[in-house]
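Both of the next two complexes hold subunit A, though its partner changes from subunit B to subunit C.
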Partner chain A sequence: MNWRPRRSLALLMLALGAAAAGWVRGEVYQEPDAFVAEVFGTRPEPKVLWLTKDIQAQAAAILGHPPVQLRQRYWSDAHKSVWILEEIGKEELITAGFVVAEGHIDHVRVLVYRESRGQEVRYPSFLKQFKEAKLAQGDRLDREIDGVAGATLSVGAMERMARLALFFDRMSRQ
Partner chain B sequence: MKKSSLGVALAAAFAAAPAFAQATVDQKLQILQQEIDDLKAQARRSAAPAQQTSPYSLDYSSMLDRSSGLASGGTNIVGYGEVGYGKFRQSGNATADLQRFVFGFNHRFDERLTLHSEVEFEHAIVSKDDGGEAEIEQAWLNYKMSDAVNFKGGLFLIPIGILNETHEPPTYYGVMRNQVETRIIPTTWRELGAGVHGIVSEGIRYDVGITTNFDSGKLDDPTTGIRSAHQEGQLANARNLAVYGALNYRRPGLLVGGGVFTGDTGQNGASNPALQGVAARFTMWDVHAQYRIAGLDLQALYAAGTLGDADRITAATVAANLADPGVTAFAAPKSMKGAYVQAAYHVYKQGNFDVAPFVRYERIDIKQAEDPGNNLFQNPNNNERIKTLGVNFWVHPKVVVKADVERYATDKSQDRFELGLGFMF
Partner chain C sequence: MLLRLFLLRLLRRWHARVGFSAMLFFLILAVTGLILNHGAGLGLDGRYVHAGWLARWYGIQSEPPREAFRSGHHVLVAANGRWLLDGKISGERLPQPVGLIELADIFVVASETALYLFREDGELIEKLGRGALPGVPVRALGSSARGIVLRTASGVFTSADALSWRPSTQRSMLWSAPAELSVSQRQAYEEALTPGVSVQQLLLDLHSGRFAGRYGPVFVDLLALLLAAVSLTGAWLFLVPRLHRGRH
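This part shows the complex of A and B:
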């Protein structure tokens, strides 16, 4: 194909038009505050789970690396708790909100996704797999989570965060 | 950090924690001391230019400095590598090789602009007397306007096939990459160019762009289709460019997609004067699918390509041979196609351990533009069927041990047993 400036310019204009249409969608799908407020109706006072050495060791076993936080803030009422967690997918942090009720995942939402690939993990077809999941032996989920081709590491990060949310919920209720 | 600041930090920490659960006072003091140490370390590092932090991490998780490096303004390192051992059945010869070690730097300039790169070393040693190679596999900038619209520019991978963009060893079956995505789709295939990509609705991802193209004057091995005409961003002749487009649909456990790439490759004879004015249009397309259900991994791919003016490329190799007897003349590839089907089953999964035997059947057919007058004929090995039986054993999601047996229907000298070790990080 020979270089044709007019054709390239037209393609560029087309791309910019598409870009303008998509500009407003952004990568922050929901502010964490709004997620917490949505779950409880209002935003309750946060509570803090202190990561003692024992909790840190178990969290490290779940994550495959030591947890970077020393305290984990969360929100809860008598029935459910909300955990805003962050974990690296391939290169960047994924911020996700986990609602835990009666020891199982009630629902999950990806709040912020920073990478340019792998956003498939934010869609309901992927997230619905976590519904009702609970911890089984070895702090693993009681079910297989089907991966998404090309988003293997983001899928792994979501699974680890789900396990951590369930584990933190259990620790917060002891 | 000043003492008064530490005091404020302590006070703030306690004030922000109305409900202290589980931990004893001693444990809390230990944790706070650890946090103070981390803050001190962070303060020392902040002598460097200030970096933005994730607006969520500090508030929600007390993640002291992780986000400052990754969410905004940071650089991180990724990589993968593989080691292989192969023993050939006919000759009994065997080789062991560090096939590749790849590391990449990714940098976030701001909320929207990122750099992605990979540097690859093949075969352990790169020197004048050794067969290794050092190469830049990717170096591209991405400007994310939204999930739906990303602009990219630089040296990037062409979205054709499954392996070309996702080729880390733990993500595929077999010690070696499959032959269809090696000889027909020239994985790892990258070009210099610009593109637009994104995800437009649940699971539908597009990628389109303009890039450099192959240079048919550089062809020197017709057994690998178009591969030997690649330019890989090295002083690439760019008189002729190419356009590409790809569309993929992904859901958990399912991938269906395809791509197309087309453009002239004559480059106005820049590498072989006999190709001046020859278009030599190259077009390649593929369709592929993956389906995972109940421990079963199924995968299939079909790829096909054509190279126009192949008879003139053959003639150009003859002319090059006449000018320099050190250059070998050959019948240029005029069409190439290949397909494979693969099935794997996860027979054992416990903790990080995951064992999955697999079978794969591949078919390759590369047709060449023969020149009987100059004794240039079709290579019979370009029509090949390959059966592979093997097993992947993940000892960690990012570390895999592999073994397989490959049987070739035409070129039986390639029959082999292989062992491999792969990792990514």
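This part shows the complex of A and C:
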């Protein structure tokens, strides 16, 4: 019986434990509520966008999968809105904050990163590509986002979330 | 001339024997490699295989559920990172719940660090992380005339919509408490809540040979050498007669 995958099991359990720990917290660069407070200078009450069937369908087209929940909270004033979104990069969720002003992305920040690789998507050199981006035809961004070697899936997730933030902002103002 | 013919026949015979006997393993390697190459697109990491024998094979301890949370119309049993909510499995890698309450048209499940709001039909309305909660860890979940009540490390808070929270001043609230399961219920639920192994992990272990234990990777190394040998002998058998014919 000693040919059973004991070492593999130990490694698997270790990996599962590490993954579970990572899943719970990940690498927290900024707490989401601190990001909201930084944008508005205070902590405004959250608002809610209910995802109707139509919104769900369009969000699913953007994400490539149905949205996981039926309502999305956001924070806004007359000029801008803040969306804290989560999307899976390769295996784990990436939490990012998007500030949308006048239908354009004002700025983006990666708040929690849980993947083991691809953290480069949090660098300003990558994130600045989203500045002033807006939705073009087909709910696509009006520009190409250059990838990061070794972080292709995380880049894809960031782009999908950017499109979703712009779409949700549009829906919230209708 | 005779030696060359002898060598060619010998190679052909062994090329066929090795190729045929290793065919099944080559196919496993090819198919698992092909699927793994598209693992992200296929969402393999989010898919799990649940089988008692597989969990035992991987040495994953299956924890039987000990208690259930019940509200008016809903039942939640949790074990091994899985929730059985109203008889339906509700996902993977979920935290241990601390309470379940039912309000007018929604029901709510709390873990230590998150709150899950569900519609009556079980569809998730919203998951509130620690940033959206008035405090963590959540010690207990309850309900009052004003809505959801949370007892956290920093006090007792209430909310009607789970958006804004205020310290609770109410005295009459109903706290959710787990109910012990009978032995037969534990056994029945344990089967439904068997821990799983992700399809990606399973395919990786099959591809690398680790699924078969310590000597599995050595066996796959051997297969790789055999595949190289079959490729080389195949090239030899294809090229040498043609080169020879070309010279005459």
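One rule holds for everything that comes next: the second predicted complex is superposed on the first by the 148 of 174 C-alpha atoms of A that agree within 3 Å, B and C clash if a C-alpha of one lies under 4 Å from a C-alpha of the other, contacts with A are read in each partner's own complex, and residues count from 1 in each chain.
What we mean here is this: contacts are C-beta pairs under 8 Å (C-beta built on N, C-alpha and C of every residue); 3 or more make two chains touch, one makes a residue touch a chain.
All values derive from a computational prediction rather than experimental measurement.
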Which superposed partner A:L49 touches (first subunit B, second subunit C, both, neither): first
Subunit B versus subunit C, judged by how many residues of subunit A each one touches: B
Which of subunit B and subunit C A:E120 touches, first, second, both or neither: first
Touching partner for A:S172 - first (subunit B), second (subunit C), both, neither: first
Touching partner for A:R140 - first (subunit B), second (subunit C), both, neither: first
Subunit B versus subunit C as contact partner of A:A149, first or second or both or neither: first
Which superposed partner A:E27 touches (first subunit B, second subunit C, both, neither): first
Partner chain(s) touched by A:K90 [first = subunit B, second = subunit C, both, neither]: both
Touching partner for A:R71 - first (subunit B), second (subunit C), both, neither: both
Partner chain(s) touched by A:K131 [first = subunit B, second = subunit C, both, neither]: neither
Shared subunit A surface residues [contacts with subunit B and with subunit C]: 2-3, 8, 23-24, 32, 45-46, 48, 68-73, 84, 88, 90-91
In the complex, subunit C residues that touch subunit A: 40, 45-46, 57-60, 81, 93, 95, 113, 119, 123-127, 129, 131-132, 161, 163-164, 201, 205, 210-216
For the subunit A and subunit B complex, residues of the former touching the latter: 1-3, 8, 11, 15, 18-19, 21-27, 32, 45-53, 55, 68-73, 84-86, 88, 90-93, 95, 111-114, 116, 119-120, 123-126, 129, 138, 140, 144-152, 156, 171-172, 174
Of subunit B, residues touching subunit A in the complex: 13, 16-23, 27-28, 31, 34-35, 38, 54, 56-57, 59-64, 66-67, 70-71, 76, 78, 106, 108, 114, 142, 144-152, 162, 165-166, 171, 196-199, 202-203, 205, 210, 213, 238-243, 248, 250-255, 262-264, 281, 290, 292-293, 295, 351, 397
Residues of subunit A defined as touching subunit C within the complex: 2-10, 12-13, 20, 23-24, 31-33, 45-46, 48, 68-73, 84, 88, 90-91, 153
